[in-house]
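Note that chain A is present in both complexes that follow, paired respectively with chain B and with chain C.
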Partner chain A sequence: MINSAIIKKEIKENFFVMKGSLWLFIVALLFSVIALCFVSIQDLSMLAQSDIITTFSKLVIVIGCLITIILAATSFSNEKEQNTLESLLLTTVSKHEIAIGKLISIILMWLAVFILSIPYIIALGEGSSVSVSIIRSVFITGTLIVVIVALIATTLSIILLSSKNAIVTSIILFIIVAVPGFLPKAVIKSSAGSLLGYLSPLSSAFNILKSVATQNVNTSIATTGFYIAILVWVLIGTFIMNYGIKKIEIRGE
Partner chain B sequence: MIKAENLTKIYENGFKAVNNLDLSIDKGDIFGFLGPNGSGKTTTIRMLNGLYKPTSGKIFINGIDLSKDPTEVKKIIGVLPELHGYYRWMTGEEYLMYFGRLYKQNEKELKNHVRELIESVGLSEKSHFKIGNFSTGMKQRLGIAKTLINNPKIIFLDEPTLGLDPSGQREIQKLILDLNKKRNVTVFITSHLLKDIEVLCNKVAIFQNGVMLEQGGIKELLNKYSNDSGKVTIEDIFFRLTERNLEVV
Partner chain C sequence: MNKRLLCVFTFIFMFSILIVPNKAFAASTLKDNQLNIDIISNTDIKCYPGLDIVVEAEIKNNSDKTIKDILLYTNMIDTKKNAVVDLGEFNSAKPIYIESLKPNESRIVKLPLNLVFTSSRYYLYVTGFSKDYNNVVSTKAVTIDIMGNSLVNKNKVIGLSVIEPIAILAVIVVSLLKKKSKRRLEAQL
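Right, the complex of A and B next:
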């Protein structure tokens, strides 16, 4: 199911051709500027440390998702636009191997973003005991969210005809799914807001991060509920991707 | 080597691209598949290499039923599609190595094989250049090298001389003849250059609107259609058949 040649080629393409290494440099710069704002701007530095860490961790996941969307949404549509998909499908490599190779390389890009964020999380959490648990939670929830985003955006890349369509549709879907994560506290505390929190995987991830940063308890019932909500989305994403893989084909009339 | 029986392809929109096609190509043949644009040539090639499922009919490649074991068929065929794309950021050598690795070839053997292929298509001096800097002719030669990466018994070349200048066309023709003679590869080729087909192929089929109009050995067809006024060419036969068919339609 795993073809190392595809993974190596995709990593090279993502990091060098799709300018992934440049993106990572920009992400590091962004993290530096934001971290600096948190410690140097008076209003921001007055925030509770748990709020600072939670906000920064949310940002890490959102940036990871945006990079994932671009890479995943162009993964197959680029092959179609460059007329390379036909040659790929004519080899003995299965459609599953192609899709999994592409997914793995996309997730590796998220891991690079996550690794970049670690020193900043440690610096922002200095003096508190939450740094290790928040890093662990960013890794687990971030990876799960990125997997969901990658599965859905890759499927759109297979089904839609152009990279532009796939990127735009993926971003619109991401915004719809992300909205509950940015609702005001009053709405979140209502029963509808609470339900939305579970329905949106991103909102669930944010709730986990908040719960870890504030209480340092990541095994509470609430956190488990959010994890289950995210895992359900991973399953949904897998089903969607499975449908997408069947649709990898060269279209005729 | 290639056998198709009652092959039909109807697309989802109802368009019948291929209608009851029968084909029989022997080992070592260079088979020219001729037809005007939109006649169903590419659809036929895509069915023969397993990319499209036929609506009905059977395909046997080297005795293997394509519908039952497409992966086994993919191991013994090489295809140069009409719209053949390249990873422009790779070098010629990297491109061939990548496809060789997709076939899970032994790394050491693959390196030697790639070197040999690059030499045989005359790209030795340019193999370390990025494909983005290749001319159309160089890309076509690289494409042909790619079709040979798995040591296929049959190669399908869909318009291999498309977009090439006359010298580029001649180079590709020479390459195809060499492949056929030295490697004993069966070649299935489509082209609009009917004079080239007459030089290259030992068998041809003339195809229009998804229907086979004529097929057979080149000499056999030339004899069959020769008339009192003198010698005929494949081009004459092609136009005679396709234009008559248009009148009928």
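Right, the complex of A and C next:
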């Protein structure tokens, strides 16, 4: 199922080109600006440390998702637009191996973003006992969310066969899914708000991060439900991706 | 003498005109002061930011008729900035609605408050308002000290924010130069 040649090709295309390196530099720059805001803007610097870490962690996941959307939504459509998809399909590599290779390379890009964020989380969480648990939660929830986003955006890339359309559709879907994660506290506490929190994987991830950062006594109970909600979405994403892979075919164009 | 007397009486008359409405207003305030609110929970709050606390207040209807639609809410004053703290900004406070309060009935309400900012110069009070009553009543203010819990080292964050992007930029430049020299070597061969 895993073809190392495809993974190597994808890593080369994502990391060892100007685009990939520049993205990582911009991400680091963005993290720096946000971290500087937290210590220099008076109103932000007066926020509780748990709120600072949670907000920064949310940002890490959102940035990871946006990069994933762009990479995943262009993964197959780019091959099609550059007329390389047909030749790739004519090789002995199966459609599943191509898709998994692309997915692994996208997840590796998320891991690079995550690694860049670690020093900032440690610096912003200094003195509190939550840094390690927050890093662990960002890694687990972030990876799961990125997998969901990658599965859906890749499927859109296969079906729509146009990078532009796939990116726009993926971003619109992402915004719809992300909205419950940014709802006001009063709405989140209502029954409809909490239901939306479980329905949106991003909102579930944010709730996990908040529980961990505030060292909620009921952390394990509160987070288990959210983890289950995210895992259900991973399963849905896998089914969608499986459907998408079946749609890949040599058209002879 | 008569002129002086006239002047004194005129002054007294004018003064009484000035005084009477104020007396009437004061009387109406006293008469209208039919709602009484007191903070009964800790009157000296000392907490860490990020935590949720509950402010307990007792509201009493001193009148002989039912007062409807009462809204109770918390207010905070920052004496350091001489400003009113916007508790709605982070949904820090939530008002409590009381449908009706019978004559001489008292009720204890729990007002939730999320401590967001850090300062030792806050004053907190609870205000009650009713459409029926058409007046606002507030409790006495209690001191609130939200202690700073942030141990973030500002210099460390600034240092990291400068070093990390520069380090990544350096890696990109070095790899580009390596690629360029490799290409040049290949072209020479």
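By our rule, the second predicted complex is superposed on the first by the 243 of 253 C-alpha atoms of A that agree within 3 Å, B and C clash if a C-alpha of one lies under 4 Å from a C-alpha of the other, contacts with A are read in each partner's own complex, and residues count from 1 in each chain.
As a working rule, a residue touches a chain if its C-beta (ideal position, glycine included) is under 8 Å from a C-beta of that chain, and two chains touch if they have at least 3 such contacts.
What you are looking at is a predicted structure, and each value in this text was computed from that prediction instead of being measured.
Aligning the two structures on chain A places chain B and chain C side by side, free of any clash.
Contacts of A:Phe31 after superposition on the shared chain: chain C is touched, whereas chain B is not. Look at A:Lys95: by the touch rule set out above, it reaches neither chain B nor chain C. In the superposition on chain A, contact of A:Ile6 is made with chain B only, not with chain C. More residues of chain A lie in touch with C than with the remaining chain of the pair chain B and chain C. Applying the stated contact rule after C-alpha superposition, one finds that A:Ala123 touches chain C and leaves chain B untouched.
Between chain B and chain C, the shortest distance over C-alpha atoms in the superposed arrangement works out to 8 Å. Overlaid on A, the two complexes show chain B and chain C touching the same residues of chain A, namely 16. Interface residues of chain C, counted against chain A in their complex, comprise 48-51, 90-91, 94, 114-119, 148-154, 156-158, 160-162, 164-165, 168-169, 171-172, 175-176. Chain A makes touch with chain C in their complex at residues 16, 18, 21-22, 24-25, 28-29, 31-33, 35-36, 38-40, 43, 45-52, 116, 119-120, 123-124, 126-128, 184-186, 214. Here chain B touches chain A in the complex through residues 9, 11-13, 15, 17, 43, 46, 49-52, 71, 74-75, 77, 79, 81, 83-89, 98-99, 101-104, 146, 150, going by the rule given at the top.
If you check the complex, the residues on chain A that touch chain B are 3-6, 9, 13, 16-17, 79, 82-93, 249-250, 252-253.
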